[in-house]
Amino acid sequence: MSEPTKSIPRAHQRPFDALRPVTFVRGFTRYAEGSVLISMGETRVLCTASVLDKVPSFLKGKGQGWVTAEYGMLPRSTHTRSDREAARGKQSGRTQEIQRLIGRSLRAVIDLSALGERTIHIDCDVLQADGGTRCASITGAWVALADAIDGLLAAGALMDSPLLDSVAAVSVGLVGGQPRLDLDYEEDSGCDADMNVVMTGSGRFVEVQGTAEGHTFERPMLDQLIDLAQTGIAQLQQLASQARA
Amino acid sequence: MSEPTKSIPRAHQRPFDALRPVTFVRGFTRYAEGSVLISMGETRVLCTASVLDKVPSFLKGKGQGWVTAEYGMLPRSTHTRSDREAARGKQSGRTQEIQRLIGRSLRAVIDLSALGERTIHIDCDVLQADGGTRCASITGAWVALADAIDGLLAAGALMDSPLLDSVAAVSVGLVGGQPRLDLDYEEDSGCDADMNVVMTGSGRFVEVQGTAEGHTFERPMLDQLIDLAQTGIAQLQQLASQARA
Amino acid sequence: MSEPTKSIPRAHQRPFDALRPVTFVRGFTRYAEGSVLISMGETRVLCTASVLDKVPSFLKGKGQGWVTAEYGMLPRSTHTRSDREAARGKQSGRTQEIQRLIGRSLRAVIDLSALGERTIHIDCDVLQADGGTRCASITGAWVALADAIDGLLAAGALMDSPLLDSVAAVSVGLVGGQPRLDLDYEEDSGCDADMNVVMTGSGRFVEVQGTAEGHTFERPMLDQLIDLAQTGIAQLQQLASQARA
Amino acid sequence: MSEPTKSIPRAHQRPFDALRPVTFVRGFTRYAEGSVLISMGETRVLCTASVLDKVPSFLKGKGQGWVTAEYGMLPRSTHTRSDREAARGKQSGRTQEIQRLIGRSLRAVIDLSALGERTIHIDCDVLQADGGTRCASITGAWVALADAIDGLLAAGALMDSPLLDSVAAVSVGLVGGQPRLDLDYEEDSGCDADMNVVMTGSGRFVEVQGTAEGHTFERPMLDQLIDLAQTGIAQLQQLASQARA
Amino acid sequence: MSEPTKSIPRAHQRPFDALRPVTFVRGFTRYAEGSVLISMGETRVLCTASVLDKVPSFLKGKGQGWVTAEYGMLPRSTHTRSDREAARGKQSGRTQEIQRLIGRSLRAVIDLSALGERTIHIDCDVLQADGGTRCASITGAWVALADAIDGLLAAGALMDSPLLDSVAAVSVGLVGGQPRLDLDYEEDSGCDADMNVVMTGSGRFVEVQGTAEGHTFERPMLDQLIDLAQTGIAQLQQLASQARA
Amino acid sequence: MSEPTKSIPRAHQRPFDALRPVTFVRGFTRYAEGSVLISMGETRVLCTASVLDKVPSFLKGKGQGWVTAEYGMLPRSTHTRSDREAARGKQSGRTQEIQRLIGRSLRAVIDLSALGERTIHIDCDVLQADGGTRCASITGAWVALADAIDGLLAAGALMDSPLLDSVAAVSVGLVGGQPRLDLDYEEDSGCDADMNVVMTGSGRFVEVQGTAEGHTFERPMLDQLIDLAQTGIAQLQQLASQARA
């Protein structure tokens, strides 16, 4: 509690405020209306967007659409094999937290009334996990969502885009007393505190989720971590925008 | 997305930066090692602490203890009846999120090695819900936990308290463009954004969880909300401390 | 089997044919249409009645209503903590037996056709358990049900009360060869046989459930136990009636 | 509530106090240590007793045995097909109530210490259901249990029988105001009240479970129903005893 | 892998190409529209056919019917007791495989359009298991299905039979290097490979499912096993046809 | 039933006896001991092999190892989105059938005693599905398994390879009366019958699973389909062997 954990060297001499290499492969699979493989360093998440011509029962007849998300990790995406959630018969609390977060983040930048009575169902499946999978999921999912909406526009199913803004997310953390951007798995496991921040393209906050992992922190550090996240997200937005160009 | 929702008058002419009336009834039930009924306005949560002489299997033989939490709402604690989770056969994603948050918050202020090979199991059951139940649960649970530890000290089972600090939590939110402390249910349902903040008695952050409920916000507003939470938590810490005196 | 277990002294010098102190707190919580905290000695059950404007699917379009009940124990209502049923993912056989019993008992004193196409959903949640929780649930639930029906009458939703009678329940048991009324937890755990009896205000039987807990009994003892239950229930009916006055 | 339901003629001119024809086929299947097909009229239940050389975890190392029971109905044992519980993924409340009752009834007549550290697992599977399946299960299960114990004695695994007595069960009910013994399905569905009674060979009570199915009853009727059950059980005990001769 | 397991003598001097004694008891239970107890040696399966006036949701309004099957083993149908699937809360992979196979096999010989908008639900419940239960289930289920259809024809609910052909199944296997027809449990447990074959009355294949149980086999052996199955199934068809005469 | 379904043209002018293009990407993900992305046409399955230093409880202390498999499809691997099995809370019967088949197929070519007390856990996750996913899983899983075993040999954990042979699988089917090798999704959905065949590198059969999908077939056609599968599997073995070179 009282002593900060000792420092962990950053892999590849990465500066504390640098993202890992980020790439987006659009059209990674062929059937989904949007399909993006996002890589942030060794983390790889396949984000697909499926357009369904129905809405959940709580929205029936209300003339608006819905965006929702599910998240999963392949059992051996991780350093040691994890149980398959389908085999255990339920999704963990962590999985549910993450998929609720992804859904909320995307809904923050879409006009559900303008979407019409359809659901865009986002699936984020982690093929390889090296930290930051929930943030990579949000960033990749937005690209898949935007691609799916482009398809609806191209097909004439929508006249105007219901997308209000872009959205992206990054993790920041406190490692050995030092704030760092975009933690990898080793940093994430050993950090004093970490925070996931979700922001729009216009620089507004959607979610801020900071957690002291055994080491509480003071207000100035909180402010510094948020500053760092803002910088990182701005870069991610640019990369996502280039990928969609 | 773009227009703030219209304002909601505060019940009882409460100022924007005032807590609702807070009370702690210690010893509310008689069998638990700690048992506290916390009221924050009309929100009532029964927090019990149970001392068990065993640890979860992942800690066996490691010479340390564990603190964990479970959360539930009575089906008719709410304005309209909700399904009983035991009858539906599973806990919702929201329930799991909240009980994980309570557990992390308490573990942030206890030295698990000093606790010895025992588990303190916290149960937070909402008897009446008028907004802010997760924050009330954390604040009340800390009092129940401290009472249970006092019992272990009194019985000679522990020589020194493993408690490192106190912890308390409050919600803040943006209602009609105005930051407000300690939202009630009506405010919470209609707010643009809300944030749950958990802090220690010494003023350090444990958790910061802010969510734009359909209305994203800018950095200055984020800073203002955190300021407001800090003020509220300081008051709560004092009230909890008086209740324990 | 063959030897009666040895006697257990009654707490507080209570005579063998005396109830524990019984109280009813009406309006214990504020949102339910009926909300009663019943105490029988140290046993405390919160009974709420929720009025829902729908009926189960097997009754749709039949022009009648329904009354049903659910039962739960808070994990630390008991001397040692029990698992939370929502976390285990299912209700125990005991829980299901009890909630079926409560529902049948209440339906025995209400004219479901006169109730109209609505459901009154009773929730009995045990805050503290010292024996006799199922009987206390029935007795308290009737008061909550009656309060909810008064609300429907006052609101003009019903012209005449569908309540045909009152209902209450008590446990009796054989302890060390002696019949006793209203067993507490210690007596209940150590008794030779026990019986739960449910009767109407006009002295008619609704349910008789006697079980030899390892010590079978003869007909005269069965008759004696039923006599004792009849006496106890008459007192309970009077107390419930005073509480509703 | 207030009017008794109209009378139902008894099939086959059966007198009100007569059992249906009862038969026991021992050794109905060949692998179980005890296997009995009991018929009570058209009701057919296959009762098997399996001897397992282990005890449930709560009894480990206590030097005593256990007897437990499970109950099931084949989906088309009934007039119209019911869902298969294995396919639905859970046992109904009714099933759990019944199997708990069967287990308690058998444990009332066996000395678990004298059984040694083994479990006798009873399975009661209803092949055809025409009312009274829980009572037929108890009566048939006792014969299967006794046969299994005979096997242990014959094999020298036990020196003395742990069986203290026999046990049997019957239903009685109030049909059109008239008490009747051993209700068939049609009577059971239309009765005002019914009661399942379990007694030992020496005439002692194990369980009495009476329920007003929509029509409450007075004390003299309760006494009359119990009288009738006593008569019927005495006959069943004799038939079971002949079957075992 | 490389050495064939040693031979197992056939019980009752049965020749390698002989079926065990096969019997069909039609009308074994009285409520189902078709009810057949098939015995193949010591294997006994109760097959019932229930006619329901509805179709699964994926077929609604398509003017055709459906045939589906469920399979279960009584817990003590086997040499040692198995867990009850309803108590474990799910059907095993093996159970699901078998019931899907039974359903497909029956649907292969019925014209679902000619059946009309109704479902025939087949239940195959194993009362005693000595190998070959899935094959016995298919063979017995067809007889129950045909009886149920006869009932529909007799009642005028159908003008023409939708049955296109008969269907039956048998297992064959390789035991100690020798092909054998209709394995019993001991042979099945110790065989090198086994195969379940389902064929129509006109000698066409519906299913061929061969599995090397630890001992792979060559093409000539595969051909020989299929030859043997064809012979056995032809005999079964004749026996089923006689039973229905 | 009686008329063969009409023919479906093969995509890309593929001859009836030709495989789709097959590729193996070894080391597709970095943490698993074996990780292979197999493509058969548009079907893509990620097969990972995880080495665990433990065995299932039924093998503890028996001095041998185990190989098991799990299978899953990403929700949008298919033309239209399927439910996520983890969210539904159970694996379908189809999933269980397939993963049991993969496990059996691999165990047929490994000496479990020579593997030592460890488990190799195979995960086959379908990223994109265009027919033949179970066969692609088996073929790809063998390469991942062999890679994982090479790792154990290289690390000195094993002195000799426990692999006895290779294994591969292919589907064949009857489309419009014509036998075809390696069906794609469109052919598979519209075929009269299909068969999955699993064989070893030395040309021995492991599994033969043929199913008439609404159109039964005669013996000569069965023989022809098996011939075709043998040819295809021989080619697959060669390709897998080249990929491993």
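Chains here go by letter, A, B, C, D, E and F, matching the order in which they are written, and residues are numbered from 1 within each.
Keep this in mind: a contact is a pair of C-beta atoms (placed from the backbone, for glycine too) under 8 Å apart; a residue touches a chain by one contact, two chains touch by 3 or more.
Each chain and its UniProt protein: A, B, C, D, E, F = Ribonuclease PH.
Quick caveat: nothing in here was measured; it's all calculated off a predicted structure.
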item	value
Steps needed, at minimum, to go from chain E (Ribonuclease PH) to chain F (Ribonuclease PH) via contacts	1
Other chains in touch with both chain A (Ribonuclease PH) and chain C (Ribonuclease PH)	B
Candidate from C-D, D-E or A-F with the same interface as E-F, over half of contact pairs in common	C-D
Whole-Å gap separating chain A (Ribonuclease PH) and chain D (Ribonuclease PH), where each centre is the average of the chain's CA atoms	59
Whole-Å separation of chain centres (CA-atom averages), chain B (Ribonuclease PH) against chain F (Ribonuclease PH)	51
Residues of chain A (Ribonuclease PH) engaged with two or more neighbouring chains	89-90
Chain A (Ribonuclease PH) residues within the chain F (Ribonuclease PH) interface of the complex	29-32, 35, 42, 44, 46, 48, 50, 52, 70, 72, 74-81, 84-87, 89-91, 95, 121, 123, 125, 127-128
Touch list for chain A (Ribonuclease PH) against partner chain B (Ribonuclease PH), complex	1-2, 90, 93-94, 96-97, 99-100, 104, 107-109, 111, 164, 195, 200, 203-212, 214, 216-219, 222-223, 226, 230
